[in-house]
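Two complexes come next, and they have one chain in common, chain A, joined by chain B in the first and chain C in the second.
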Partner chain A sequence: MSALTLTLKAPLTQRVDCSPLTPDFLAGKSLSEIASIALHSGNRKLRVDALFDLTGDDSSNIIIQNSSAKLDFLGSKMQSGSLTVHGDAGSYLGFQMKKGEITVHGNAHAYAASGMAGGIMHVNGNVGDYLAAAIPGDRKGMKGGTVIITGNAGDRAGDQMRRGIVLIEGNAGAYCASRMLAGTIGVLGSVGDYAGFGMRRGTLLLFQTPKLHATLQDCGSHTLPYLKLMFKAFQALPSRFAAIDNTRVRRYAGDLACDGKGEILVFG
Partner chain B sequence: MLIKLTGGRVYDPAHGINGKIMDIYARDGRIVERALDGERVDQEYNLAGKVVMAGAIDMHTHIGGGKVNIARTLLPEDHRGDPVPHSDLCRAGCGHAVPSTYITGYRYAEMGYTAGFEPAVLPMNARQAHLEMGDTPIIDKGGYAMLGSDDMLLRMMSANADQNAINDYVAWTIHASQAIGIKVVNAGGISAFKFNQRMLNLDEQNSFYQITPRDVLQRLARAVHELGVPHPLHVHGNNLGVPGNMQTTLNTIAGVEGYPLHLTHIQFHSYGTEGDRKFSSGAAEIAAAINKNKNISADVGQVLFGQTVTASGDNMVQFRNASHASPNKWVCMDIECDAGCGVVPFKYKDQNFVNALQWAIGLEIFLLVDDPWRIFLTTDHPNGAPFTSYPHLIRLLMDKTFRNEMFSRISPDAQAMSTLGSIEREYSLYEIAIMTRAGAAKLVGLHDRGHLGIGAGADITVYTDNADREAMFKRPDYVFKDGQLVVEDGQVVKVTWGATHVVKPEFDRSIEQTIAKYYDKYHTVNMKHVKVTDQQIADDGRGHVQVHACEGRREKTA
Partner chain C sequence: MIINGVTIDDTFAEAFGMRGTRVLITAQNLTWAYNAANAMTGFATSVIACGVEAGIEREMTPDETPDGRPGVSVLLFAMGSAVLMKQLETRLGQCVLTCPTAAAFSGIEGGDRINLGKNLRFFGDGFQISKQFGGKRYWRVPVMDGEFLTEEKTGMVRAVGGGNFLVLAESQPQALAACEAAIVAMKKLPNVIMPFPGGVVRSGSKVGSKYKTLIASTNDAFCPTLKGITRTDLSPEIESVMEIVIDGLTDKDVREATRVGIKAACELGAANGIKRISAGNYGGKLGQFQFHLREIMSGEAA
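Let's turn to the complex of A and B:
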């Protein structure tokens, strides 16, 4: 069995909702059945084979070749298997994903890992705004799982995030961890203004000294032994976070304008 | 244009026709007796073996007005989860529990419905309601104007105003809101909520106005009756959803002193307090009371399991239930100091004792009320379930085996508290036609709808007889709206625009001076701007107003 490979035929002019292209939805379907699935594209519906060349037969392992930033909802509500994207991914990558693995060799757009509840997402590139955030109308962002971003993240990474781990190896934009409810975000690079704005609980791990706003309270330097456990858990991950072993932090509590139970740990 | 429907099995309860094979002719949107001599039949449909009924009428469905839009705004996931792309014919849209206006019209038509009535048109919001209904294609529309917690009425009552003045105010409201009836929601309770009362029993006073719900109901029921409005006062009772509210409902029935009254979503008002969990079915008592009091009619407001949203003017109840919101977000608000509104998303679960018993209570009421002319098929869309679940509900009523199988799957504790399993009754096609067509048209006061007699509007639905009633009612073969084929094989094939049905009772216009002064003093809008005119409804060329006679309740179909 070889991986089910969908190769985008031509550059897209309109965005395409790819939510049906998940291992769970395609399981047990023949190539011709998959070819005839209709994908929403703007105000039209397009057949899969109008957009992609299809080869392979293992729908638990899907590869998108020649991908485009206009392919939205890749891996949406995914519950098993793996999805590999060569090229860029559009918005809502791994939207409400429950299990399985998504790997992108390229950039992803806004709302990556929004509503994600489990599984692992690895983006070898940058992501847009609202990484692991809640889409408008939802009360919670990411609810579980692990996200690794090797590049930079845009603004509002982890907005209203509820659980899970987001590891950003590059920089994060403004309002990182804003309105965060719980969970862990790590940023190896810099963060923009207003990190932890409206943060209620949760942990933000930073490795460069951020510029913090007034309602984040400096609680001094500490050695926190539990961090050893956390970094041990990171060791298995394909990320630069795996190499970290440091328990000495400067701790900031906040956002005191909200519950103030969140913490920003800055490693020296 | 003459069409002929040949050889179908016709169910037309308004004329006592129960499954007779007959031909139906319709010329230019109206049913006629036969073709004129030498007249050519333009279209003929051979309906041998098919079931023919008038187009169905949903006499209580929230399809327009402020709260529906609030529900849409509150639940983007409802819209994301059910997108509908456009076709060559139909517009795009979305929504499961609260579909967009266009999709509402298409889905109703595709189920064989040709009319729907919005039960909570707040006079202040009537324009919004009519704009939304004006965007709802194919089906006919109409609304019941909401009174009973508005300060104007409560002031008049506390000043002990003459009944004639109240009649004039009620009639003015019907005119201004382009309504076909009057609805009262938690009589006086929405106002009481603003004075910090969180419960209001039938004989409990509104702490500011010193008026009880009983007073409000009596005054309004009498007004509606004396104005000759065919639709009886449409009552959403007090204490919705409260265990033991059965007694309130029975008192309400006794309290109107014989005036006609329509009790809406009565399932939510039929709860007892027996059993270990102090929540039990009052269906038997309520059904007995309806059977006994011929002035009372009711629609059920059946609960069906799944995700939906409750949208109601009753902010007292919605505030009380807000903690049950699923997903956890809700809105309770005042609207222009004239009434209130509460929107709480809800997920009814078959393994939840209360939800399962609510489901059983609704079905018990359906099956225990003897007269199908006085009980109506609704889910109080979207409060009990979206209207798209009607075919499933019809199957539950018509198929005892299916019903009992569903019953055996609900929470065992709820099963133990319900007599549903022992009820043998199965609705017949004739009774379903009464409930959803003839009876509904009679109740609302539509003289030319809901039946297939000569002169009626040619709103006709054709089904293929199928033992699986859900499949049968889900996908009609043909639906004609005003003589035009709009749905074929469960798919819209032509988009037309229905009428807005209203009544215009006579009244003394001098009441406008009082009302104008009141609006000038207390409201943000001028009285003139509150009134919705016929022209405004017909303006875009897609709708028109159809006025029905106010001659009191019609007893026989013409």
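Let's turn to the complex of A and C:
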């Protein structure tokens, strides 16, 4: 069995909702059935084979070739298997994903990993704003799983995040970990202004001291034994975080304007 | 059956189904891991009055423990799951939470999941922090030395308690020497503990008493000073009897510990005053498990 490969035929002018293109939804379907699935694009419905050339038969392992930043909802509500995207991904990558693996060799747009509850997402590139955040109307962002971003993330990464691990190897924009409820976000590079704004709980791991606003308070330097467990768990991940083994941090707690039980740990 | 001049009685040890759990305790160094583990397994010789029978199973190197620090593994056994859970929580709270640098982790992956640090987190008064890695939940509880780190759950399994054998010798020092040798050998085995002081118990009991309020009393048939006035089980040359009680996670573990212990005791042999090996039972009526000494030692007899 070879991977089910969908190759985008031509550049897109309109955004396309790709939420049906998941291993679970395509399981047991023949190539002709898959070809006839309707994808929403604006006020039109387009057949899959109008947009993509299809080859392969293993729908548990889907590959999107020649991908475009206009392909939204890739891997949405995915519950098994793997999805590999060569090229950019649009908004809502892995939206409410529950299990499985998404790999993107390119950039992803806004709301990547929003509402994600499990599985692993690996973006070999940059992501837009609202990584792992809640969409408007939702009260919780990412609820579980692991996200690795090798590039940079936009503003509001981890907004209202509830659980899970987000590892950003590049920089993150403003309001990183804003309104965070729980979980762990790590940023190897820099973060923008107002990191941890409105943070209630959760952990933001940083390797450069950020500019902190007044309601985040210094709790001093500490050796935290739990970090050993955490980095041990990271060792299996395909990320630069896997090589870190440091338990010495400066702990800033806050946001005191919002309960103040969150923490920003800055490694020395 | 005679091994190295020591008679192995044609009898059996009677053991009971228990509930058992394992906890890994780590600390900055082995000394402090032992301080916590010794406190946690203190006053845990017999379920009759202690609630649990507990002991240190073995030392663990930093690469074996979840947090990469030196530690020890502790086994706890109780007659029921409710009392085991209660004892685990109180002992963890009073002995490990309190011990500088100590942390506690699950030592059994399968089994029924029971609370380890789940309720101790409330000591954090709202400042406690939960973290999940690899599908396991851990709690970070702020304490005066830094943070108390504990896993939320550990595993509880059906286990075996009350395996035993008796060493009958010509003198007290010789009985003790044989028991010490047996304990040294048995401590190398996984999945078992010998819960009594130093692993050895001298006050074996029989069921019942002349006093109505007592359900158990001294086993006069094995008391050497009563040889002449009671229905004794001892021949004239026996001057001292000591017992080793074994709790293990499976009957196979208890069987192996019995074999290794008796073998080590018999190595001292009749030349060192060790005359007989026997075992305690209740006629086979009370316990679910029977460990027949001759069957267990059949591979060892010359």
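Some notes on this structure:
Here, the second predicted complex is superposed on the first by the 268 of 268 C-alpha atoms of A that agree within 3 Å, B and C clash if a C-alpha of one lies under 4 Å from a C-alpha of the other, contacts with A are read in each partner's own complex, and residues count from 1 in each chain.
Keep in mind that, in the parts below, a contact is a pair of C-beta atoms (placed from the backbone, for glycine too) under 8 Å apart; a residue touches a chain by one contact, two chains touch by 3 or more.
This is a predicted model, so every value here is computed, not measured.
After superposition on chain A, the partners chain B and chain C are seen to fit next to each other with no clash. Judged by the touch definition given at the top, the superposed model places A:44 against chain B, while chain C stays out of reach.
The superposed model places chain B and chain C at 100 degrees from each other around the C-alpha centre of chain A, with the value given to the nearest 10.
By the touch criterion defined above, A:248 lies against neither chain B nor chain C after alignment on the C-alpha atoms of chain A. Once the two complexes are overlaid on the shared chain, A:136 sits against chain B while remaining clear of chain C.
When chain A is checked against chain B and against chain C, the one touching more of its residues turns out to be C.
When both complexes are overlaid on chain A, the residue A:9 reaches neither chain B nor chain C. Of the two partner chains placed around the shared chain by superposition, chain C is the only one that A:226 touches, whereas chain B remains out of contact. Within the superposed three-chain model, A:211 lies out of touch with both chain B and chain C [touch as defined at top]. Measuring only between alpha carbons, the smallest separation of chain B from chain C in this overlay is 22 Å.
No residue of chain A touches both chain B in one complex and chain C in the other. The touching residues of chain B, counted against chain A in their complex, run 74-77, 83, 85-86, 92, 327-329. Listed in rising order, the residues of chain C touching chain A in the complex are 66-69, 103, 126-127, 129-134, 138, 140, 146-147, 149. Listed in rising order, the residues of chain A touching chain B in the complex are 40, 43-45, 135-139. In the complex of the two chains, the chain A residues touching chain C come out as 163, 182, 184, 201, 203, 222-226, 228-230, 232-233, 261, 263.
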